[in-house]
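Heads up, the next two complexes both have subunit A, just with different partners, subunit B and then subunit C.
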Partner chain A sequence: MSPSHTAGFARQATETVAVAPVGWRDACLGELDRGGRFCGAYAVGAGAGRRWNALFADGEATRMLSLEVGEGEAVPTIVDLLPGADWDEREAHDLHGLDFAGRESLRPLVAHTAATGSWTVPVSGEGTYQVAVGPIHAGVIESGHFRFHVVGERILHLDPRLFYKHRGLQRAAEGASPERGLAFAQRACGACAVANSVAYALACEAALGLVADREARRGRTLLLELERLYNHLNDIAQICAGVGFAPGNMAFAALKERALRLNAELVGHRFLFGTVAIGAGPEVSAARADALRGALRELGEDAASAWRELSFAASVQARLGGVGVLSAEDAAALGAVGPAARAAGIALDCRSTSPGLWYGSSFAPAAPARPSGDVGARLEVRGVELPATLELLQELLAEPIGAGGSDPGPADPRGVARVESPRGETVCAVELTVARRLGRVHLRTGSYANWPALAHATADNLLPDFPLINKSFELCYACADR
Partner chain B sequence: MFVLLRHLQRVRREAALPRRQGARSLAIRHVDAGSCNACEHELTAIAAPQYDFQRFGLDIVASPRHADVLLVTGPITRRMEGPLLSAYEAMPEPRRVAALGDCALGCNVLADPAELALPLDQLLPVDLRIPGCPPTPAEISAAILEMIDGG
Partner chain C sequence: MTAVAALVQVLGGLALAPLLPGTVQSLKARLQGRRGPSPLQPYRELRRLWGKSAADPQPTTLLYRLAPCLVAAATVLALLLVPIAGRAPDWSLGNDALVLVGLLALGRFALSLASWDTGSGFALMGSGRDLTFAVFAEPLLLLTIVVAALPAASTDLVAMGAAAGGSGPWGEPAHWCGAAAFALVVLVETGRQPIDNPDTHLELTMIHEGPLLEYAGRDLALLEWSAAARHWIVLVLAVELFGPHWGGFWEQLGWLALGLVVLCAALAATETAQAKMRILRAPGLMAGGCALALVGLASALVGGLV
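Moving on to the complex of A and B:
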């Protein structure tokens, strides 16, 4: 396979490099050496023609290393070099039958095996025992199981067991047209519907040889920021609930409700469903843009005063420091993204490298004053990003958004796109068949990337703090299970 | 704190929610059987100040043992069928089952059929159907209240 290179267009270029099995680990290390960042891997095909593709982000570009996997062959693992690839390898084993050589174990991830010992890390010692929580939780929470290994109330290790909500969406989308596949990407997660759909649409457009025009890029960016707005308000409300601070929980729940109502007024759906299309963008008239700007300004003022008040609530602040710490080193090794990474002091925000959207060259990732990687820092990132998002929305709505379209660009049967969701970088890879049907859709959401980091951050904390730590990441189960 | 409380006071004044007449209550147990999380967001929102469903005596409870109603979201994945049926079995009688959202109603479900169990109404007796993708908080509250008032 010859490397294909596309640059100079308003899209995220993807370069593919074929690698032989013997050189796989060195090739992956080489990507890291040249400044690449691992952002997912996925298996394609069945039988003798299987491939294992690893993605590396490098600024605006994405590089893909592609390995052909023969019948009965095992892929050399990279999990010792890139711990962030752990879930990718385990998922490929469970769903595509890939074997990996050189790993300590390939514990089932997506597959649910009966024996607890088969999917948990063995933990033993005096006074250790396990606490099983879920899949059904106490409140209105998505389904997933947590197996805590504890001594007394102290967590030694957490084995999350998700995929109770696995609907086989990626598999179900295969064979569909790119347009029809959009529904599968959107319904992977209600709270990240826009981010997932935009990532999918951008990946399809790259594969189809389309480049979204200025208006489509502005429209999609508007939708992405509206999604971030209600999610961040929700996350702050949830963290308040996690420490039992009802006034903060309810005040931010009320602000989130206002944001959802504005979404409904603008596009007719509170969660912005059905607003993203391939090769097109949403239209916003001058009157609607003006009305939305005014409403967002009021919402922003109320959110700012509520946030200020929250920062002076000593009983809340006292509960946040030093809880659920994720160090910068661990965040980087585990491939954490989004607010979780930024709270640990990693200046990573996909919006600063999204030429297919409308963030501009001056966009800079938010940096909390204390990047301590704890619950408090993750809360602060949301608080810092709210005004930035509101400012972006004001800029986008300063003029009406016309009906978006697309221009022709270079086509490649494979398209990859990266979009910053409220939970971090979401990567979508799409491979088309010669008949321009979906051969493979791979969606690796910000939640998927962050779950291993969350599990890691719980170690050495008290079991009763887990709900708070969980809410400070506020990851979706649906988008990981898909 | 006072600023937050003032905010809430204003929201409540603007919402001008009528008070419920008479004393009744209903304990709801929610089970997510594979939803996309949008139904969960709306179910959480019915407790927000703009709706305040607790003024009707409605509450989400932490155990099926305490519940009158099993409120189910999602298309019922194969992996959630067992936990869902266990939750139903754990409920005291009389008990009701409510399907929240189009997926739980078996409408327009997007999934690999091999990953799904039977539709909810073939697994459990469904007493209340709340359509929508997702249904709004107002629709959820109204449907549940109608069930109480209907006896």
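Moving on to the complex of A and C:
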């Protein structure tokens, strides 16, 4: 691996364009025509002077369309052009009081209303009924309510309802210093703590006019890949549990535990908390790097043999094909990211366009042999990415990682960063006030982007297959309930 | 000796039955690299549940209230039909295999009614699946019984057990087919993988656990015991009808004990090696079992003619 970007301004550039309400839909369409990919929208402020910002990713660059929303004005919706913007618009309506014109419905998303009909899609017909699961589940699962519209055992439609533990972290971070805001970003989710913190730190650095140096970039990439390692191991174990295959579950759960213990040895925290800082990176001594390389090599060998056994477990493989299919078209329309998108055959991996991190120019998104978009393909993407991640870790640890720092760069009051979390692209947008305090923090995680895709992939499957489909996406609830 | 058989039948069915699922769970944990619970865990569970009061969801009727007792009563009666080591005490019930099938169906029916009574989605889904499976599982059970009944020319379990003894039946293809089909009966009736996952906490995938979700306390204890007793009934039948057994009463008792241990280990191994099937494929598996039993039946009839 030979990172091509050793020069000064190695970071994702953000370009902001102010748009008038009449031109909003055309501007968004224009972005798509230019090859942009929608990656989130968020509201800023309240009352007069509110803004509605939409983000479009194009290679390493991110472009922002910004619309000023006057008092009592409604924003022209883009959900018909970009179904992936559905949750963003509904959330802005619930949390910032934004109204959207041209939408058929604005069902509550974050605000929980009592009447079921107010937030579910009406489904009717002979023999249809609803099955409600959660928000309290058996087992250690976060709070989420799933309302299935079913006929017989077949799911017609799924309405997920999350945000039961919405903590208002983004609002709480406002007014804090960028350094203090890191704690809010990190605590959005345990399993994505590094991805969220790195995205936040990169966004803050862009806003503050800092560029992380080589060592900081290497250190952060190391943390991101360590996080991916234990998450992928966990996800494979969960898929095995979903079909009741205990040997696979036990093998991969044990490997995940080993990965967590390596994390604890390296940085003192199993889930890598407290390792990311603004304008700095973690330090790894030569002795530690060597020890970690050895342990990871052993872990990699054991993971490979466990994966081989899983590949030959016929009763498991028989459960995976054709279940929970997310087609490439639907994945693209719904803005699916991460393993879910790659399993559908979309070559989308933020790591190939992350100049602020230490992925080489030769990095290519993983591709399953058969990108069928089903549970099997999503499992395979993780199986393919595991060795790639382990190889990356070996390369990163080939030499010790020094104390990272940052160099001065161009400052921009708005910083946006995109980072590939284990579940897909996590976008963080930060706006600073004149006093360099946090004016607005917006975190749109891979899970947030993928939840609507999961609901879509569930339709037309059997009810008892839902836990398996759910585990093949393995999305975080906390990442949405931020 | 009949008195000993009666003792094993009653005490074994009532008191030893929970040991069977307990042993399976314990062995399974070892196979999967966990320490796991002791084989006595089901007894602790039963004691815990027995000390708790029952709770009735509202609105439910008498059906819901009576179902656990009905299930337990049908299971006790079924226990008394199953001979032990070729002997059966005379409880004035006879030992007819078809009555046994009916009693097992009665338990299933009572529980389904109770699920309907609660109106709970998960209970209804569970018993809906159970009843769908029963459409395939009951013919399977019946056909295997017919395969075992042919050499005895009777559906009396004592006569069937006697006809299955010694080495003679093992020369008949029918006996092998029947044994393989009965292995499926064991998996279905005990609710184990690949048909059902007894360890799951995922409501959406439940089959046998579903109808039990609403029950608590003593009601649940009765139902849990009945599930354990069903293990006892089908495993004892498996040994008596299709397992190797020779000699007199005491030898046969030894064979029974050995057979139960081997079958528990086999269940644990199957559950470890096999993931749960996709739900709509389970009827196909059972239909395959039916076909196997039919092949056995045909071979027995043809053999009889020749």
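One rule holds for everything that comes next: the second predicted complex is superposed on the first by the 474 of 482 C-alpha atoms of A that agree within 3 Å, B and C clash if a C-alpha of one lies under 4 Å from a C-alpha of the other, contacts with A are read in each partner's own complex, and residues count from 1 in each chain.
The rule we apply is simple: a residue touches a chain if its C-beta (ideal position, glycine included) is under 8 Å from a C-beta of that chain, and two chains touch if they have at least 3 such contacts.
In this text the structure is predicted, and so the values were computed from the model without any measurement.
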Report task. Tell me which partner A:Ala313 touches in the superposition: subunit B (first), subunit C (second), both or neither. Result -> both
Requested in this report: Using the touch definition from the top, say if A:Met250 reaches subunit B (first), subunit C (second), both or neither.
Outcome: both
Report task. Quick one: classify A:Leu463 as touching subunit B (first), subunit C (second), both or neither. Result -> second
Requested in this report: State whether A:Ala138 touches subunit B only (first), subunit C only (second), both chains, or neither.
Outcome: both
Query - Touched partner set for A:Glu153, first subunit B, second subunit C, both or neither - result: second
**Report entry** Contacts of A:Ala191 with subunit B and subunit C, given as first, second, both or neither
**Finding:** first
**Report entry** Of subunit C and subunit B, partner touching more subunit A residues
**Finding:** B
**Report entry** Touching partner for A:His96 - first (subunit B), second (subunit C), both, neither
**Finding:** neither
**Report entry** subunit B/subunit C common contact set on subunit A
**Finding:** 138-139, 247, 250, 254, 313
Query - Interface residues, subunit C side, partner subunit A - complex - result: 28, 32-34, 121-122, 125, 129, 193-194, 197, 199-205, 271-281
**Report entry** subunit B contact footprint on subunit A (complex, rising order)
**Finding:** 112, 135-136, 138-143, 163-169, 171-172, 183-184, 187-191, 193, 234, 247-248, 250-251, 253-254, 256-257, 260, 270-271, 273, 302, 305-306, 308-310, 313, 476-479
Report summary line: Within the complex, subunit C is touched by subunit A residues 129, 131-133, 137-139, 153, 240, 242-247, 250, 254, 313, 315-316, 318-319, 323, 462-467
Requested in this report: Using the touch definition up top, name the residues of subunit B that touch subunit A in the complex.
Outcome: 1-5, 7-8, 11, 30-45, 47-50, 60, 62-63, 74-75, 77, 79-80, 83, 87, 110-112, 114-116, 133-134, 136-137
